Amino acid sequence: MRSVKRLVAEGLGTAFLLAVVVGSGIMAEGLAGGNVAIALLANAIATGCGLTALILMFGAISGAHFNPVVSLSEAWQGNLPRNEVLPYIAIQIAGAFTGIAIAHSMFGEPVFFASEHVRTGWSQWWSEFVATFGLIAVIISTSRTRPGVTPFAVAAYITSAYWFTASTSFANPAVTLARAASNTFAGIRPADTLGFIAAQLAGALIATILFNWLYPATPASDVVASDEAN
Amino acid sequence: MRSVKRLVAEGLGTAFLLAVVVGSGIMAEGLAGGNVAIALLANAIATGCGLTALILMFGAISGAHFNPVVSLSEAWQGNLPRNEVLPYIAIQIAGAFTGIAIAHSMFGEPVFFASEHVRTGWSQWWSEFVATFGLIAVIISTSRTRPGVTPFAVAAYITSAYWFTASTSFANPAVTLARAASNTFAGIRPADTLGFIAAQLAGALIATILFNWLYPATPASDVVASDEAN
Amino acid sequence: MRSVKRLVAEGLGTAFLLAVVVGSGIMAEGLAGGNVAIALLANAIATGCGLTALILMFGAISGAHFNPVVSLSEAWQGNLPRNEVLPYIAIQIAGAFTGIAIAHSMFGEPVFFASEHVRTGWSQWWSEFVATFGLIAVIISTSRTRPGVTPFAVAAYITSAYWFTASTSFANPAVTLARAASNTFAGIRPADTLGFIAAQLAGALIATILFNWLYPATPASDVVASDEAN
Amino acid sequence: MRSVKRLVAEGLGTAFLLAVVVGSGIMAEGLAGGNVAIALLANAIATGCGLTALILMFGAISGAHFNPVVSLSEAWQGNLPRNEVLPYIAIQIAGAFTGIAIAHSMFGEPVFFASEHVRTGWSQWWSEFVATFGLIAVIISTSRTRPGVTPFAVAAYITSAYWFTASTSFANPAVTLARAASNTFAGIRPADTLGFIAAQLAGALIATILFNWLYPATPASDVVASDEAN
């Protein structure tokens, strides 16, 4: 039962995450009158606030990964049982597409429609490498020293990464695949997803190795427990 | 006396919430020079910040529901005595209309005037279902695992939901009724309130059932107490 | 020595607060290309963030009032010795004017120059009453139930109040007087300060009475200490 | 090994900080359609959010200075061993230039190219003095009374200081030097760096003296430990 709840939490959380990312993108582009900076600012703030709430909501059950590379990194570190990795990734991808469908249906768009938004080339791949490296770095470092702030640190990081990377920081293969099915502000051309996912895997791998060296797993007694939650 | 204070807190808090939502909507629309994205961004940030303060102010007394579906959900879960449900809802509605009147009087508008802002159709109702489902989900999940962060999680969620739902996330029947009396940025045509409220009730019901299964009520000793407050 | 440090903290904090409010107003108006909503959004975010930092910096020494009506309310509640009230108010006013001078000198403006910004009439006075009522309400309610969050609650409230009141929420007589000496975005015509201050005093008085009834002073043992700081 | 990790943390953190500042500046200017207020708002929010994450990530290892004047101030107070000062400063500068190169490579700019952005004169120097004074003041005051909030207080302060100082608050010699190698939104002409750094050193010195008087180092038992982390 416990593991069913974990999968429900991952699926529901990832669905909500995509509804937030894509829904706020549609709303922002529709209202911004062509000023893309205003649209991206609204999209980034909505994503950061939504992610804060979602990690706080589901962290205590499933860890609130919502992201295959996070699950892989956690499994590599021994924090996620290996036999849960594939179910986690499957439900994340299913949740992501569900979230896209929810966003589209709220805004009267087709359930799915292939994106024509070109996102390819070394600048974009390098951006995804940097974005995902940073995401895994935030998760490992804060969850090993001050886990109560992890939800806030991750959400703040992603809000920032929408702006400081050239790719607006997808940093998540499930999100990347699902956004290929959305020809809206947040979309990505299906053919371009492969390069994004490869870059994300590489960034996550390097960050996992480096930050496990920087922050070796410590006995629980060394962790600051005062504002810990998940 | 205790229950009088609880009702005063709910009434005052809901009044302030409406003053924030409607007042900042009037200010934002007046200054934005026609760019609705900027107006909604200001409205969302003002609402999120105001809600943070209001829940922190009144949570310790009344639970800071400010919302009939929250009170119904809490009563269903056994957290609010059944004989307080109707008084809570009555004072929330009275507070909401008072808040509208306060906002209007600050900005030199009529005390009440019926909104002509059309908000109807399946996209809108589905948006309200999603918005309210998420709101109840945030409240149940965080208050059962880490109650000290609930005010921040709820405020972050609402800030996000202004953007990711097509209806800008009313998610509150008292707010919906009162906003029908405001022909401003935040208004809703009186005839459209019924569909909104029905969708909100449905979303709250499903979320209450699902999240009580996901997060069964735990003995107090299992709750992280370190940053708990209300 | 202790009381000297308290006065230095109040003076320095109020100076920084005014530098933030007026400096960010000048910067925002200068860059916004005539879109007042963008200017006010930047001004509000800069003020909220700055206030968070300032209350966290000085709260442990002086209480971080930075505001004569806060000091009067605290003295009325027995939290500030009566013989410190006048020194507090004097240094707050001196600090406020110093802060204006600092902001002006950073932006190459005259040290002081009388504002021509008209802010008068019942809408404005009523707005200041509401704004100050809410400010005192936030301070009393959070500091009696969860003092560690007071800095965040106050800053969030003020960010919101810039938008939901017609006066952009001065809510502070020292700030009001000093802003009369700044003919910039944040200014107020000297002749209009009296009405603002009267409304602020009235709002603070009513809130102090009402919230002392709602939240009677409790023994320290009843206060949630876990995230308390000042 | 411990000291190697400290230097890796400072270098990596400073590199990420510059990637955030310069990357988000390029993105913001590119999208804002000439409205500098929107660009600076996005730049400030991205910087504040990124800084929150970075200090939470690296604080537990190295203190998360990312800034030579912070390291000098901490050494002066006895918090950083004197023989670590030069290595800290060296790695901060190297990290800062690396971060610039990362940002430029993500956005398809040359690795380094000298800025032509003129930032000189008394208004600018005075702004840098005020900005750095405030930064050191925030760090000393919060880390001596409530260290768990320092990351949030510093990030909030910098977000505010982007707006309330005429120089947009560099407040960091390593950042200043590196931004001279970026002819983008965030750049500074190489010839202008000397004045900035001199003002930063002066501001840091005065703040260190004043705030050590205001907040004498206290025994650990007097510090609020409940939300302390680094």
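Read from first to last, the chains carry the letters A, B, C and D; within each, the first residue is number 1.
Methods note: contacts are C-beta pairs under 8 Å (C-beta built on N, C-alpha and C of every residue); 3 or more make two chains touch, one makes a residue touch a chain.
None of the values given here were measured: they were computed from a predicted structure.
**Student:** What rotation angle superposes the Cα atoms of chain C onto chain D, in degrees to the nearest 5?
**Tutor:** In short, 90 degrees.
**Student:** Please state whether the interface between chain A and chain D is built from the same residues or different ones, using more than half shared residue numbers as the mark of same.
**Tutor:** Different, since most residue numbers here occur in only one copy.
**Student:** Using the average of all C-alpha atoms in each chain as its centre, how far is it in Å between chain A and chain D?
**Tutor:** Taking the mean C-alpha position of each chain, the two centres sit 27 Å apart.
**Student:** From the C-alpha centre of chain A to that of chain C, how far is it in Å?
**Tutor:** 39
**Student:** Quick check on chain C: which residues sit in contact with 2+ other chains?
**Tutor:** Within chain C, the residues that touch at least two other chains are 35, 38, 41, 45, 226-227.
**Student:** Along chain C, where are the residues that touch chain D in the complex?
**Tutor:** 5, 8-9, 16, 19-21, 23-24, 27-28, 31-33, 35, 38-39, 41-43, 45-47, 49-50, 52-53, 56-61, 102-103, 105-108, 148, 151, 155, 225-230
**Student:** Over in the complex, which chain C residues touch chain B? Could you list them?
**Tutor:** 34-38, 40-41, 44-45, 48, 123, 126-127, 130, 134, 137-138, 141-142, 145-146, 149, 152-154, 156-157, 159-166, 214-215, 224, 226-227
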